[in-house]
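Alright, structures below, take your time with them.
One chain, chain A, links the two complexes that follow: it is found with chain B in the first and with chain C in the second.
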Partner chain A sequence: MARPGIPEETCKRILIAAGAALLLVFALSPFFWMLWVSLTSRPDFLFTKTVEYTLANYTNVLTSPTLHFTDYFRNSLIVASVTAVAVTLIASVAGYAVSRMRFPGRVAIPLFVLAMSMFPPISIVGYLYQWFSSLGLVNTHAALIFPYSALTVSLALWINMSYFAQIPVDLDRAALVDGASRMAVLFKIVFPLALPGIFSAFLLVFIACFNEFLFALMLTIDPFAQTLPVGIALFEGLHGEVPWGNLMAASAMATLPLVALTLIFQKYIVQGLMGGAVKG
Partner chain B sequence: MACSVELKNVDKSFFTLRGRVDVMRGISLHIEPRELFVLLGPSGCGKSTLLNMIAGLEKPTAGSITIGDAVVADPGRGVFIDPFRRNVAMVFQSYALYPHMTVRANIAFPLTNLKPRPPAGDIGRKVREAARLLRIEELLDRKPAELSGGQRQRVAIGRAVVREPKVFLMDEPLSNLDAQLRTEMRAQLKELQRRLGITTVYVTHDQMEAMTLGDRIAVLNEGVIQQLGTPAGVYAHPSNVFVARFVGSPPMNLFEGAVKRDENTRVVLRTADGDILLPERLGADLVAQGKERCILGIRPEHIEPVAAGQGNFDSRISVVENVGSEYLASLFLKSGHIVVRAQHEPQPGPAGLRFASDRLHVFDAGARSSVE
Partner chain C sequence: MRNKIAQARYERKETRDAYLFLLPLLALVIVFVLFPVLATSLNSLFRDVTYLARKFVGLSNYASLAADFDFQRAARFTCLFTAAAVFFEAVLGLVFALLLNESFRGRGLLRTVVLIPWAIPTIVSAKIWKLIFDYTYGVLNFIVLALGLSSEKINWLGSSISAFWSLVAAEVWKTTPFMVLILLAGLQAIPREVYQQAQIDGARMGRRLWRITLPLVWPVLTIALIFRTIDSLRIFDLVYVLTGGGPGGSTKTLSMLGFEYYSNDSFGRGSAVSVITFLLVFAVTIAYIKLGRFERSLKK
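Here is the complex of A and B:
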């Protein structure tokens, strides 16, 4: 006989939904706040009752010759893409070697790479500046691509390693006996199967580089090489006030490509990050 | 073209943080062209390592491996031919089909790696021939995930035959199939090997598979060949206690004891379960050789249950199982579990066991090897 009141299952669902909603509000409210501010016309929006909605901030950011938004965007795109491609390539081949081949140091290498990425960036950026100055690299894309690659390669390596570990070794062995060279095994068998892992490593490295602030601030000087996070932070109003509308419009435009990428490829990212967590 | 495979004094060691682990010692084998040679042993005995060394997936630590006229591995002379240059084909227990490729692409894969690569028309024709041979033509456009275990196994075999390799290497290829399918595939595999006439090295832990498939078998344990011979020869004349127990199902019954004379001066084997009367000639031989202790072995089908006092040994039948065509009687003794195979149903309770005197095996109690 059914008991009166709300069934236990429904209660559970309500609680789960409420928890999820709370989490969403917590995570998304800054994002919506940013969108809202970017769409309002007045800088003193916090203290007014009536709000006018406008796209002026967006057109201003995109067209103003002094804000250099498109320069920053181009630089971010170049630096993040080149780093992500290079790191993905290096980490895929290295991940395969470390997870499949027997050689001295195969256990130490990933740990060493991980340790390298644990240095606080602030502790190395000063030396990097001096070094890159002497090499004439300061204020170039290369000044960011090299340190970004070194710092993100451990993330990609570990994601790839855990993903490769899921692919049965018998497939490599079968392909070797079937006449494939090591490189053929890598490109014809292992990479196609590890694509979700490799792809999620690519995306995460891309996002990390796209958002990086400290190195970009220290190693680049002007819009020729500065990236979006630095560029946006340097936005100035005409009379020294903070140009909230422009800042938020630029931030929204900087975030949207990442959000879009993540939403489109979320399946791959989840699969990639779950690599090794469950046996296939 | 069928090739011989020769292994001379092959050793294999692994080096770990805890030191050196020897997994194979002094393996020498000559496998004839067209032969179906079975490596039989329990898991961890090194049989798969041996197969991997023939394939080139593992390097021997010492010794040499020759396929046909070509030395493919000889660490002493610095020779090691990569697996992809050996022209051998391997079938894995896990099938190892490439999951992102169709059956057609899986079977074609070895051909696409050939240098120079054959024309697409030739590859297509050979894939269709292999598929026809294994009756999987209608599966060519499916992915491995859409196939049953038996179908996957056929595809794996198709991928092995398509290249017309010098040698087939099979690593427990039937272990993942259910019992009925395994029996069927076993017969088909044997027929296929005969038809193609390709030298085959087959690894299994299943003695039934070894007995039914092999032209010859090598029984391995702890990295050493225990016995090499035809299945019938190994079954009839096991060279040591390990082979005696491992080959045959149910395994050979063993009784360990002291060679003594009873009160009637007859030679008996005094075991923890009582005296076993030895046939006159065997008893005399053991006494003449001065054997004080030995292990007596007899297969279940060479023991006849008789009335107590009528056989070589009196004991008690605990359980009788009807396995369809025959009965298996079990005796739980201090010496271990003894099984008797009988055509007529024995009754549980006190019984005598009569041993076929010409089917007794005697093993040295210390070395555990056969005594002539």
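Here is the complex of A and C:
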């Protein structure tokens, strides 16, 4: 028995419209606020009600020799790309073994790797700092690439496992019976079929490394090894006044590649997040 | 007989190959996660400061932390922050996921838009929110003044209570997309027929939500809660940039306290804080798994 009053269909439409509006404002307003401030000459334009649009913040961030924006960007790109390629390869080969081969530990090993990914970074970084200091590794790209690989490999492994499980085993079994080597099966049959999954893992690892902060803060010292998040976090003007316009321009330039990647490859990112979380 | 030997040889080779394939992965995780964690645990039993000789001190780092006001406050803040942030993320995430599970014009666009906060690096979002809350230039103070909610500007990051909620707001903004995606996956897995049957039986919207949708997405929600809680308990970057632990150290998290000890070359104490942080993470995870009656779905 439906109660009298507004029909359910109308009620639902109103709710959907309100929810959609809320979602748009929620997701976009801080993002647009960043872009807006980055394009204006003074951050107090809301209160003075005079807005002057300019690209000066962008040109200043890109050309200033003291801000080192391009150095940070290059470091982030190097660290994130090298890690993502290495982790993708390592986790693909491992994912193949776990999902296709019989051996003691095929259930326990992925769970062990998952449990390892639960440790908070703070319980790793202190010792790594001492250890890398004694090895002279502090303030190098390698100091970030190794721990980043170790921290993201679990995500990549679980994504790969969920994809490999969808590829019929008969395909590679037939190839093995025909005398193909495991490596050939891996690279010629399984990888091409699982490419969307491997690509998802690659993207998620890349983004995670591009964003990481604590390790970068602790294990690198100067702009020749520091990454973008550290550069932006420590971005301060002279005399304690925060140069908001410049800061938002730098933030926008650090963000746009990631937002572009996310929007272009949305399908892979969503599937990767779900493969890594829901199935894992 | 010969067949059996060949079979055994084949299996041995398969096992050996499998371990070979797993070797790089295991080496990476053992050398750069397990080993540092064990070393940190061991280190927490030592007095390890640069200006004095390293000395075994048993549990005294833990004892002095337990009595330390800074530590108690950081532990309390970390737990309260996590509880508040994860709660609001779950509520908001569920609302948005229910919305995006309906069919309407523009749904595809909204599903894309919802990812934007997720795609923005945490440090950048911390800076954006710092500007939003800024006393002099912040858009929040502009809105408050324009709407006449207050006659003068509010120093959002200046009191410990408003700093707490500012941090929660920034964290919820950044991490709700993850909740939405996972819950949406859970909702999409519910067969349409279940709803159709309920509709025929005359169950209204609210009732359908409580009686059908929530129980069916509960397992997925538990997983999302575990992931988000683990992540939130170890939070560092957002707080480091947005409040710097202030005002007066009131928003310092456990990870920040550990980092502070490390930065002051007090590695024994920093290690003890780190060990407590990961024990907390493990305890909460186990509690979730027990509460969510999760073992059965894991076994499947």
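The criterion applied here is as follows: the second predicted complex is superposed on the first by the 241 of 280 C-alpha atoms of A that agree within 3 Å, B and C clash if a C-alpha of one lies under 4 Å from a C-alpha of the other, contacts with A are read in each partner's own complex, and residues count from 1 in each chain.
Here, contacts are C-beta pairs under 8 Å (C-beta built on N, C-alpha and C of every residue); 3 or more make two chains touch, one makes a residue touch a chain.
Treat the numbers as computed from the prediction; the structure is a model and nothing was measured.
Put chain B and chain C next to each other and count what each touches on chain A; the higher total goes to C. Within the superposed three-chain model, A:G179 lies in touch with chain B and out of touch with chain C [touch as defined at top]. In the superposition on chain A, A:L171 makes contact with chain B only, while chain C stays out of contact range. Within the superposed three-chain model, A:Y58 lies out of touch with both chain B and chain C [touch as defined at top]. In the superposed model, A:L193 lies in contact with chain B only, and not with chain C.
Of the two partner chains, neither chain B nor chain C is touched by A:F69.
Legend: residue contacts after superposition of the two complexes on their common chain; A:A233 is shown touching chain C, with no touch to chain B.
Of all the residues in chain A, the ones that touch chain B in their complex are 168, 170-171, 173-181, 184, 188-189, 192-193.
Taken in their complex, chain A has these residues touching chain C: 1-3, 8, 11-12, 16, 19-20, 23-24, 26-28, 30-31, 33-34, 37, 43-44, 46-47, 90-91, 93-94, 96-98, 101-104, 106, 109, 112-113, 116-131, 146-147, 149-151, 153-154, 157, 182, 207, 210-211, 213-214, 217-218, 228-230, 232-233, 235, 244, 247-248, 251, 254-255, 258-259, 261-263, 266, 269-270, 273-274, 277-278. Chain B makes touch with chain A in their complex at residues 52, 55-57, 82-84, 86-90, 92, 94, 96, 98-100, 109-110, 113-114, 159, 163, 169. Residues of chain C touching chain A in their complex: 11, 14-15, 17-19, 21-22, 24-26, 28-29, 31-34, 36-37, 39-40, 43, 92, 95-96, 98-99, 102, 104, 106, 110-129, 131-132, 134, 136-137, 139, 142, 173, 176-178, 181-182, 185-186, 202, 204-205, 220, 223-224, 227, 230, 233-234, 236-237, 240-241, 254-255, 258-259, 262, 267, 270-271, 273-275, 277-278, 281-282, 285.
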